[in-house]
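The structures considered in this document are given below.
In what comes next, chain A is part of two complexes: it sits with chain B in the first one and with chain C in the second one.
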Partner chain A sequence: MPTMFKRLIYILLLLPMACIDPYEVGLDTGEQLLTVEAVLTSVPGRQEVRLTRSDTYGSVFEGLIRPVRGATVVVRDDLGEVVFLEENSEDRGSYLTPPGFATRPGRSYTLQIQTPEGKVYSSFPETVNPVPDINSLSIETITIPVEGEENVRSGIQLIVDIQDPAEENNFYLWKHGPSVYILETRPDIFTPRPSDTNPSRDPQPKDCCIACFRTEQVDNSGIYISNDDNFNGLNTRLVAGFVEDDGLRFVNTYRIDLRQISISQEAYRFLRLVKQQTEISGSVFDPPPANIRGNMINLEDPEEVVLGYFIAGAETVRRIYVDKSQLTFAQPRSIIPDDCRVVEGAQLDPPADWNP
Partner chain B sequence: MKKLLFTCLAFLILQGVAAQDQIKRTVIGRDIGQLKDIRIAGRIIDEITGEALVGATVSIPEINQTKITDNNGEFEFILDRAEYTLEFRYVGYESITYPIVAVGDGRISMRMIQEDFQLEDVVIFGRDPEKNIRSTDMGAITMSMNTIRELPPFLGEVDIIRSMATLPGVSQVGEAAAGLNVRGGGADQNLIQFAGAPIYNPTHLFGLFTSFNADIVNDVTLYKSVIPPRFGGRGSSILDILPKAGSIDRWGGDLMLSNYSGKIGINGPLVKDKVSIRGGFRGSYINWFLNSLSNPDLKNSQANFYDGNLVISAPISENQEFTYSYYTSYDDFAFASDTTISWKNNSHSLGWKGHFGEKVGIQALGYLTEYDYSIFNRSGINDFDLNSGIVDYGAKIFATYSLSPANTITIGGDFKDLTIQPGELVPTNQQESGILPQKVQEEYGREMGAHFQHEFEIGEKFGMSYGLRYDLFQYFGPRTVRQYAENQPISDGSAIGETTYGDGEKIISYDGLGPRASIRYSLSKYSSIKAGYNKMYQFIHLISNTATIAPTDIWKLSDEFLKPQIVDQYSLGFYNNFKGNIFETSIEVYYKDIQNVVEYKDGANLILQNHVETELVPAQGRAYGVELYVKKNLGRLTGWVSYTYSRSLRQVITAFEEEIINDGEWFASNFDKPHDVTLIGNYKLSTNTSVSATFGYSTGRPVTFPEAKFDYAGNSLAYFNRRNEQRLPDFHRLDLAVNFKLKGQGRFFEDGDWTFSILNVYARKNPFSLFFVDEAGAPPQALRLAVLGVPLPSLSYSIKF
Partner chain C sequence: MLKVRFLGILAIFLLLGISCTEEEQGVTFVTTEEVLFASGDQVRLLGRVISDQDIQIQDHGFYMSEDEAFLNPQTVSLGAKNGPGRFIGEISGLKLGTTYFAKSFINLGGEVEFGNVIELSTLEPAIKTFSPIFGGVGEEVFIEGRNFGEGTRVFFGDQEAQILENILQSRLLVRIPSPKGESKVPIRVLIQDNEVSSSTLFEYQIGTFEKVSSYPQDIRIYDNVFFQNGADRFYVGLGSERRLSFISGFQRYDLTSASWEFVSFPGLNRSYAFFTDNYVGGGLSQLGSNPLVFDPTFWQLNGEKFIQMPDLPFSTRDALAFELGGDLFVIGKNAGLVPFFWRFKVATKNWEILANGPEAFSRDDVSFTYQGKAYIVSSTDASVWTFDPVQSEWQMVSTYPGSLGNGRGMARVIGEKAYIGLFERTNDLWELDLTNFSWTRKNPMPGLPQSILVAHFVSGSSIYIMRVPDITLAGQFPMDFYRFDPNGI
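Take a look at the complex of A and B:
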């Protein structure tokens, strides 16, 4: 009876009257527009420029995003220095700089692309601004209620403490670097799939191994950016990332590198529009959809739309070790009934610089 | 011959009645031998509640004169010494015939009794049955609360603004949209005023319904075509809501409970027969329900609102009266988050009106209105309050001089002072906070207006009203204003310098003359043609990046970058009543030219924006349409059908290519809905039961669909290009309501009234918006948000005591 009553209230209530459901819209076939994704920074390494083509909006069956292969990709700085990028043979559409490439603060960079069809594209110059250090990095546990489910999602927010320089207008982008954590599995309850040669359904414990070091690249799809309008010249704390608790990462010790990148005002504007679109909820307060204009143009046909953005910035990295005791809420532990070494990216030996 | 005979017979019978009746005539006035210019004034009140009846008609067939009672229920005749038969009529009340002999100046206090639901006698005339034909007003629609009460209620309550949207030429963006769009104008182009004071965001529950308590309202007038010159400052329409005075003779009240909110009202004589008071309060208990739920999203949500009113009315003499009105509304709302949005309105107005002789009437009003909204962030990191608000105070005065009953001149002036705080960010934990307090420069402006209007009739057939309004707007300091390079689009990058203006120093001023005129030619007693022209200036703009009025919107005064909106409207109409005013019909066409409306750069950032000009682009607008309207005023079945075909278009062409929208072509505004149909019916099943239905259909509003998808930073994104080229699916919805009036035996609580209503009877999921998302585990897809996706029942019970 109480549930009945609650349901009745629920029906009569205001909020559940609104609903969101998928809706079929007949969309025109999309144009295959060149899309550029590149964030080049001052941390030396093989850095990537990724080229794809847009397609019809909708699922992969309606439009498949394809890589652009065989293009000539060049990065040029304002002193005339030119760097050729090489296509990654294992990952088509990905073009890599030579090892050790790094941007230098104060210089400006231009990306130039010639596609196999002979079209030539160029970015507007992007000037690299210096980036302040991350004074410290801390975490905070957060929980996210999920509609219609009892269990909440949870994870850690990465919070940077920075001293913003007062003399200039700063724009920040944060990305997750590689992470490593101690993965604990249960080889003692390993149970292979029954087969002709091994028909048993009982656990067949393995001797090894319970704990490994697993390296992974955490998803970077959340956009973490900020301008210093609210804190110019101040020491401030900002949310700079989120790592979801998947029941594995935070059972022992977790380590992640956080990349802080200085970006230009135009790049910030571009990323803000991307962020705005990814956070749209369809509510009454949503802004209308915006045309996300990038900084690439076709030199011969300026009317042609080129999507994406070429970002050049300076980077500083800060590392944090997170012990399970630091979390105020944790997901139930996920159980992998096998040798930890079978998990992708896992190995027995800690990385050389493992120093919690 | 037969006809003549009948007339004679009738004459004889009437004579007979008069002769028999002679003794019963009430003698009015002290007999000092006066023969002419005898002033018979009076007041009509409700027998039971003692409330003044506003808009009742008093006619004297002998001299063929009809007067309509004013806001205080007062009427007045100047008569010769003779015998007369006064006839009192009012919607929903029993008519009274009152024979008098006028011998000297005097007063009549008339009490009218509400009639029981008599099947043949249900009338939904606003005020005067032929007003639509005879007046020179164009597009002025007065809805009495009686009419509005006949519509199916929204969440158990009568909703004034939503009721207006059922009229031709008036629409809303969607089901949760608070603002009205009148004849292709934006939501900010309507001046909503309560007791003469402008109200900036009269909504509850983020726009779901209106924050005016219907029990406090006497009537509502919408001017959408030729707006009288005494109103100015907004481009599209004026929604003039007048509160109801309390009874000067006995205490009474009402109570209403619905499944969402409750309200209570009380009114009575503060000083018997002199000063009346009326108070009303309405509040919601949604919060209490939310907290009792187990769903975490709902449990962590809150939705709170209340509104309150106070009206004090004090006639200081027979010819003068003061009225004070206070209105407040408050909302806060948080949906499963640590961010609370809250807004409130506060408004005071003090009005005075007086009659000097028979020919001169003067009205004066002073008001103070405050609107505040705040966003409170309590996420634990960098907690802040973001506050903004408007303070608007002003005064107006106008005098009416009647050369003759059908020839009046109105002259007046008004003044208002506006202070807008566009946004102030206050860190709530000063020591630890890593954010700077921040304050967008306040804006100061003054509006002044002077106006003149002359209304007259030439013979029975021709009527005319012409007038002029002069508007002056001044924008002044303290303020720091940027200069921008001339050959570049206005942006942070093109700023070349700053000028600082001191306190009270004038920065810029705009002025303009707004002529208004309308003519009426009567083809017969029941039909007429009217034409009108109207020019309006608007110096305040709603800077909003959403499709509707949201609490996060910013009001902005015209400055050196944002020019005043100027609206020119031409209209033509044909009006015809049939069958003794049982049917009322009209056709109106209009064309509107709108200068200096605001459009936004893509992804404009408006919050805490010190230089809003960098986010805006100037646009031109135009709108046109035809409105058809058929209304049945009498009988068991009453109601109306309206159909509007209209377009509302925008164009953005500037000197800079990156600012041009849709290649400089005309494109549909956010609220362009070409076809709009409303059907409203109310059917009396029996003397105490009625059912009502509302059906609405309109073309889906324009939206922008993605032209392609692309990948960026692990997200699949939509590429949008041309604005508003596609449309949402068509909107249609049916609402039904049943009303039972219970007649109790006791003295109190005798007026019990049950209303059961269902909104969206056949569960149409009318999309408020379509949006495009890419969530992990699913392909990028279009989702539909339906604000009212299910049939929504509500039940309310109200009593009068």
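Take a look at the complex of A and C:
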């Protein structure tokens, strides 16, 4: 009898253990935050302010980064002069200044946004400081080991030589401008995809063309910023960019424009924090994750989180031609078995200002 | 033993008392962070309450004053606030171009604390551009500039304009007021006691129409003839009454006496005749188009007399005629089909055929003469052609910018300006400067825009114009006779 009783107790104990209620994880998805991306400089042209709504936390299907359409966007200087930006009909969420817009050193600018919902946002004033010229631009080949892979990544680092002005505290941002390179392909080994009209799997060489000039905008593979705390008033060399060797760019001659932009101390601080956060590698020495506040504010609700930053600065541009012989390490050449003109951004004629 | 216990309990209580530390008073303060916006009469300030605890603030806001001691401050009170954080205050009604001092404040438990003081200046207004730089009364003009604050007033010369919209204090949309005496005026913007003025002048669209008479009969004339004898005798006649019956002879308007008088015509009644101030000819002597009965007769007006000339060597309706160097030129289509260009040489009284023009011109197009050349405005493509009778050359010199309607417009020359327009079913009228071929729009003619021209004459610096509603418009309409002053304001 006692044995029976013991067994009954064990069974009764097992029963509640077997009944497991699934636990619903009730995470806050968060609101889609306004995100502002704008770097306005002193180089005249149609400059862009991009407005999007951030994605919510969750699966990739839960939210999409949506452009903010139909907003009224203006840039106002400290004299009260207002420039109205026009939404790009081909790229929603992108707002363009009038042609020829340029910031002026010494002036400060604010970005004002009114969304279609009627919310009004303003940036803090961004003062434009003068930017020194780039004395020279050079390259260094670097290789980057890839964990678990035998082949290394490689590319060129862009090194600027600048004379920092002594009388002021300077903050620098470098961005890639447009680049052009001679793209070499192999139309002689062109093999079309078999189709009903052309079922052959044999190579069908094309007569043209093996070399084109390809224009592309290389993304900055990192944030390149600096302040002059360590070189105020001195001549210095700084790493200002990196262009990865994809097996095509450095086969012949490569050209890139490097933009050097003077930014405010606050913008520098913002970018430095973003750089730190994006470069977290998981080590114990990493900075803790942080909530980085930009310089945009909702006038009705100052506590609303607005992502991004409105940067206004002065800009100088330096161009460099890189010959394949200047690289100390190159990736194996990528083969495109087709006419070079079929590659996006490629054309036969060199740009009018092509002068290696 | 009891003593030991007592001392032990006392020690425990003492230790407890030591561990019960009093909570420290938290730190709360306010800062004046930034001037987010400053215009001529308005600023927007950003402040921030910083605290290490969840506080209840009775009031917060900003003080603003012209003196750093804040002796007579303007206060913006934003009311109660829960907890620390940023706040924004907006202050309006400030003086233009004035230095101010601002500081934030909080009222915490009846105790008012102030933030740091910042110095700022309100801005000065300015006009950058305006567009269009030319326009008519009631049209809209955008004025681009800066710091157009509350109470902004806009003047065109001395005439105040209605402000329709003030966009971000930088773009004013205004309605053009009536002019007062001058056709070119500066645009002035008045804000508080500060006035800014445009460096370029706004030009009014001018030209006035004054009704001087009406046609003496209660009829509507179409496809008629008109010409003038001297500067004060205008003839309107022939053609038809609504294409139902021919009109005999002419009505002559005497400008001096402002009176109408009937003048008979010795030839056949006709529609679609060609004419100049000295000749009348051709046209159709029967109403309707089945069949077309062409009138071959050709008449010269000599003083007050019509003298019949030899019949025309061509059949025509709706031909365009002009005189150059004393000779008559007729351009149109023979029997309405084959283009022709004839010259009637007055000296020999012979007709001479010329090479056809660059287009098949007809009375749908308009012509005028100036300095020995004929000008024809094509109603097909608005091109303006010159014809040099000496060189027999055609040259395109300009393009008419207005509406061509259904063709059959007007062109009259006064001095170095030609006045072109009033094509059928439009009331556009343009001035062409014949020295540089620039166009200036004139005020539109009053009356129904669906009108067509009956007659037009030049006397002195004025043009006299009569129009009638298009034949498709039913009803009785008076044929009013207007004097147009191209420079009238």
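Everything below uses one rule, namely that the second predicted complex is superposed on the first by the 324 of 356 C-alpha atoms of A that agree within 3 Å, B and C clash if a C-alpha of one lies under 4 Å from a C-alpha of the other, contacts with A are read in each partner's own complex, and residues count from 1 in each chain.
Going forward, a contact is a pair of C-beta atoms (placed from the backbone, for glycine too) under 8 Å apart; a residue touches a chain by one contact, two chains touch by 3 or more.
Given the structure is predicted, the values throughout are model-derived calculations rather than measurements.
Of the two partners chain B and chain C, it is B that touches the larger number of chain A residues.
Within the superposed three-chain model, A:V317 lies out of touch with both chain B and chain C [touch as defined at top]. In the superposition on chain A, no contact is made by A:V343 with either chain B or chain C. When both complexes are overlaid on chain A, the residue A:L299 reaches chain C alone and has no touch with chain B.
By the document's definition of touching, neither partner reaches A:V120: not chain B, not chain C. Judged by the touch definition given at the top, the superposed model places A:T110 against chain C, while chain B stays out of reach.
Overlaid on A, the two complexes show chain B and chain C touching no common residue of chain A.
Contact residues on chain C toward chain A in their complex (touch as defined above): 34-40, 44, 46, 85-88, 123, 125-126, 128, 146-147, 168-171. By the touch criterion stated above, chain B contacts chain A in their complex at residues 155, 174, 176-177, 205-208, 259-260, 286, 289-290, 292-298, 300-301, 303, 335-336, 380-382, 425, 434-436, 438, 492-493, 545-548, 550, 552, 600, 602-605, 608, 658, 670, 704-721, 723, 726, 765, 767-774, 776, 779-790, 792-794.
Within the complex, the chain A residues that touch chain C are 74, 76, 78-82, 84, 110, 112, 122, 124-125, 297, 299, 302-303. Across the complex, chain B is touched by residues 6, 9-25, 27-28, 30-33, 35, 37, 52, 54-61, 63, 65, 140, 145, 147-148, 152, 159, 161, 219-221, 223, 229-232, 234-239, 265, 269, 272-274, 276-278, 280-293, 305, 307-309 of chain A.
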